[in-house]
Structure formats: structure tokens, C-alpha cells
């Protein structure tokens, strides 16, 4: 049985490439779009940019709330703010952390009732991404 | 005279496919991305999800305000919230309900003045979709 | 029978005072907060500011769509963007233009389903403002 | 030791009054601002309005995810969408459900990192409301 | 000549009080709402919360762009996101950094055209705050 | 050395085509999607639409603030409102006006801290667009 994982693969490749462009060393930046016609290499993110990315990562670590709960909070925050890439990232994390489809549906329901029908197109793309993330993991295992 | 209706066709196909994935029975879900590698079929939306979709549909039915007015309200709400798919859906409804281009332009003007220049890229895509929706109907008739 | 119109009165007074501060001549600006300790008068809005206010006004004038429809579009746009003052302004216009409560409820329903439960606190304040606007007009007549 | 609970009390009173105005019977609506100068009583929410409120309530009930998790999701969704009343409502629910301050802080941290510094003023008011909700419960017990 | 600075004073007092509640030591938290009925003191922000506040501060420091430019960027970002407290904070910074009213008007014009008429109520309150900030400084000098 | 400028080229072509469709004369509209199956040509934007586009243009002209500062304000406003096309447009303007990468990074940092991690996917696409805009100019010179 073959299932489409193209959107999953494209998302991961683009995210990884641009994170190298933003956070990487000169060699990584040059290899990911930062190479200049004059041979120089464009600067990556500033110290503030890098600290923001690092604080973002730290926010989802274990604490008074478990990592699983925080990822679900990140998913719902991303859904009501209607960011497809952020939804995709947190859906992938939720799959990796072992959330069931039923749990993810109920989290998306909170986003749907709080954020309204404007969330529906993002729900469609989020469910498509969820199916591809499941297929990817099944193939990998 | 041939006009491009590719974006119109893609929008309708994707929307229809994902609505089947979200609201459909097991067979429809399996056929639209919900088939799992282990042979099981992923669940669709919860009862809350389905009730939300149904309430959304009901909101645009005839009442103290005519359906036409409600669709125009839906279009402007979608435009100021800057959701291309929602704009596309309501533009298509407005075309089906017989709104003239001049009426649609004036509704978009309200969205433009209330929502600002950030609405302009969505206006561009909305007008492109409007042209394709008109072409589609001309071809169908 | 006495009904509270305090929020209605405060809204109109503040809006009128600040519009004079933004759009008015030197005397009006001085009388509305623009008087400086050094005796000078603060500038009002720029030419762009004034043109924006004028274009905003022009957007709601009669055209392919009647003024009534445009005010209702403005109300729903304001509701989904969750701006209490904008909701208050358009509710007042809708009352003046003769919309029934049932029509206003159905317009707010579109905002509620598109914008979600996050709109509810603004719906509460919008309904309170609607009641005060009705009371104000009853008293005036 | 006396602690200020004025904002907590005002929030609950206003919310309760306007919910009666929106969802109540004729007597409740008349008592909460819907009484007209002509002796009639203004209509409350439509069937759609009432169904939306009921679906909103149903969304936070026990399911694949426990009620506690859903309330925390509602809190973070409200925080990133920057609605003080929604934050207040969910903070109160979180207090009633037994969340510790540390857990609420970490949920707000997710909202802060996802939503940015624009969330900070809402965080200030949310923490003030949390303190008042705790004081209210301590007094009640 | 006496000018009203009440909103300015209230904003600064509340902001300072809640920042002590969020970032302060036990004594400061207890004095600003964190004192519990049982004699304990509520925790302040987590390490993530504090790092976010510190990174926020660091973002506006001198670099490739001067502090003045960054404060103006913060003002426009706050205005299009329609946060009165954030607008007030950055207006105050802009006044302290020596921006003229004409420069602030033109920055607000960018926010107005990008963000639309929904920004207008925030512009009104921002101009009122600007007048109070000017009056405050005139009195202080 | 060849660098990808496909996204840059597509953005400029689409923007130019749709602006002709919206603002152009009958011939331009017909050539850009407005040609009808019945041989007629669809109307372009209304007088309000055209005045809005013209006021938008005027907002970024030299005044108390230099054009460069205004474009940077437009970039940050676009970034916190998370509009990829608006970010692309202002990034291109900033490149044309001679901003260094370091200056653009610091402006994006303000957007990142004010708008939160939800801005990150738009930062990725904005940096990719910046690299393509630089490559385009290097090739042109």
C-alpha cells in the first residue's frame, strides 16, 4: 500500500534547509541560499534571532507540565493563529509523542470552536499532514 | 476562447476530498488519505467537529437576512481575516447567487478599508478566483 | 422607565473628542488634548491620515450595494476582527438605518461562526451597546 | 489578610448578566438590558447563537482528552488570540480544576513564545485575575 | 495650564506593579497580588518567562539599526496588532527618544494603511497617550 | 555561479498581472483574466479601490520620516501580520533602498519578538526571498 508523503517530505526539507540558512555556520548558509554573486556569504540570524529559536525550543521541554501537554498546547495555539507550517510541525511532534488521532481531533475541536470556521481550511491541511506523518512513520518502522 | 480555471478546479477538488476525509464514512475516509499502513482506517472528525460543520452550514440559511446578504457577510469576514480558501468559497457562492462584479468589488472595498493593505494580496487572489468562477459557469452553461 | 446609556454616551463623546484632536483645526486640537505646556499646539493627523479617514467615510456610501448592506458588512468585519469601538460604531449605524434586532443577531451569527468563541465577549458588549443605542433613540424621539 | 477580588467579581457579574441577556427567556432579557421604552422586550440570540454557545460548552467536556487538558488548551488559545475575558474565564476554570500556578505559568509560556511580546499585557491581566481567583476560592473555603 | 496625565500615570503604575508580580522576588510578588490567604507567596514567572522578558528588552538595543528606529518599528508592530498597552509603551519610548509628533504621525500612518480602519480606535487612544506623555515630560522638566 | 530566483520572478509576475487586472484599463484587464466568455470585459477595482492603492503608495513617500524608515516599518508591519507577499514586497524595497542584511535581520528580530514564533515560517520565506532579491540585483548589475 503506497501513501502520498510528498507534503510531509517537502515541509521537512524546506524547514531544515531554511533553519540551516538562519542558524548555520558560513558553510551551511552558503549551501542554503546565502552564497552571494561576489563570493561572500550572507549573514545568518542575529544573536537575538538565535536566542529566540533557542528559547522557543526550551519552552516545550519537560517541567510542571509534561512535554506531551506542551506540544498539544503548541498545536492549538498554531491552529487558532492559522499557521499551516506551525500546525504541521506540532502535528508531527504529537504523532512522535504518541497521541492518538482521537486526541488530536479533540485538540483541533478546541481550536475550531475558539477560532471559528476560518480555521477549517487549516484543519483540512492539518489532517492531510497528519495522515502523511502517520504513513511516514509506518514506512520507517 | 479558453480561460484558465485550474485554481478553481484544484480548490473544489481539494475541499471536496478533505471534507470527505473529515466528515465521511469509513470508506470515504479510506479513499481520501485515512487508510493506515496497518489496514485500519483513521477516524474522521468528532461529533463536535461534525456539529460545527453543520452549524456553519446552517448559519448561512435564509432568515431575517436573506441568504445573499449572509454570503456577502461571509465574504467580507473571510477577507478581513485573510483566508484565501474562505474568500474563494464565498466568492463562488456570491457568483452562484447572482452578485454582479460591481457588488463584489464594493464588498471587497469594505474589507480593504477595514482590514488595510495587508488584504491586498488576498484581493489579488480573490479577483483571480472570481474570474475563474465566472469562466467555469460560462463554460457549464 | 430609565435605561442606562452611559456606555453609549461615553463612546460618542470620546470618539468625537479624539476625531477633533486628529482631524480638527488648531483651536479644536488645542481644546482636545493638543495644547502644549509651552503654549504651542500639537499637530493633528497628516494629509495621509486625513485622506484615510475620508476614504473610510466614502467606502460606506451608496453604490452598487446600498448603504445598509455596507454598514452590515462593516459590522461583521469589525466583529470578526474583535474591535469593540468599531462594533459599537457600526451597531449605532445599523440602528439608525433601521435594521431590526433579528437582522443584527443574524449578522453577528455570521461573525460568531466565522470568528469563533473568541468573538463572544465582543458579542456581549455589542448587545449591551445595541440596547443602549435603542434606548437613546427612544428617548430622543 | 484582605485581597482585592473586584476584577474577578465584576467579570463574573457582567458575564452572567450578558449571558442572561443573550440566552435567557423574556423575563431574564428584560431584567438585563433588553427592556424597551415601548414596553416590549428585545429578542435574545437566534437559534444559531444558542447552538453555538451550547457547542462551545460541549467542546470542553470529557473525551479522548480529559477536561483539564481541554481547559488548558482553551487558556492558551485565548492567550495567543489576546482576549482578556476568555483568558479570565479559562484561568478561573483552571483554578477550579486544580492546576497549580507552576502549570498555568508554563501554559502561558507557550502562549508567550508562540504569540510574542504582544501577549505580555494580557499576561499581566491574566496573572492579576489568577491572583483574584485564588483569593476568591480561599475566602469561599 | 493643567493637562490630564491620569491615563499615563495609571498605565505606568499598573505595568510596574504587574512586572514586579511577574519578575520580582518573593517580597515584591507578595506586595503586588501574590500574597496567599494561607500565608504563602505565589510563584512569579518561570525561567522561560523571565528569559522572554529579557530577550524582549535586548531586541531594542543598539545594533546595525539605532535604538530610535527599533522603537519606531515596535510602535508600528504594536499598532497593526492593535495592542493599546504596547502602543502606549512604545509611544512613551518614542517621546523619550526625541521623536517629533510629525514623525510619530507618519509612523502611525504606515500602521493605519497596512492595518486598516480597525486601527483607528487604537490611533485615538495612542494620540491621547502621546499628549499625556508630552504633558508629563513638560511637567517633569 | 547560478542562484535560484524563481520565487522572486513568480512573485513579481503575479503581482504585476493582478495589479493590471485590478487597476488597468479595459485592454489590460482583458489581457489579465478579465475577458468574459460573452466577449465583455470584467470591471476593475472601484474608485475606492483605486484611491486605496494610491493612498497606500503615498504613505511610503518622503516626509518627516525618510522613505527608508517607512519601508522598514512596512516590512515589520507585514511580518507581524504574517503576510508573505507583503514581506516579499517590502524586502525587495529594502534591498533596492540599500539596507544591509544586518539591518534587515534586526528589523525581523523586532517582528519576531513582538509577533512570536508564529512569525518563524514567514521569516524562513522572507530570508529565502531576500537571497533571491540579492541574486536578482547582482545579475542585473
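Here are some notes:
To keep things simple, chains are lettered A, B, C, D, E and F as they appear, and every chain counts its residues starting from 1.
Keep in mind that, in the parts below, a residue touches a chain if its C-beta (ideal position, glycine included) is under 8 Å from a C-beta of that chain, and two chains touch if they have at least 3 such contacts.
Predicted model, so just to flag it, every value in this text is computed and none were measured.
Among the remaining chains, those touching chain A and also chain D are B, C, E, F. Taking the options A-D, B-F or A-B in turn, the interface that duplicates E-F in more than half of its contact pairs by residue number is A-D.
Between chain A and chain B, the superposing rotation on Cα atoms measures out at 120°, rounded to the nearest 5. Averaged Cα coordinates give chain B a centre that lies 40 Å from the centre of chain E.
Centre-to-centre separation of chain B and chain D, using mean CA positions: 32 Å. In terms of their C-alpha centroids, the spacing between chain D and chain E amounts to 26 Å.
Residue positions 46, 48, 52, 55-56, 59, 63, 77-78, 80-81, 86, 102, 105-106, 109, 112-115, 117-118 of chain B each touch two or more of the other chains.
Shown here, the protein chains touch in all possible pairs.
Against chain B, the residues of chain F that register as touching in their complex are 14-15, 18-19, 21-22, 33-38, 42-43, 45-46, 48-49, 52-53, 56, 77-78, 81, 83-86. Only residues 46, 48, 51-52, 55, 58-59, 63 of chain A touch chain E when the two sit together in their complex.
If you check the complex, the residues on chain B that touch chain E are 80, 112-119. Put simply, chain E touches chain F in their complex at residues 55-56, 59-60, 63-65, 69-70, 72-74, 76-81, 86, 100, 102-103, 105-107, 109-115. Within the complex formed with chain D, the residues of chain C that make contact are 1, 3-4, 82, 101-102, 105-106, 108-109, 112-113, 117-118, 120-121, 123-125, 127-128, 130-132, 134-135, 138-139.
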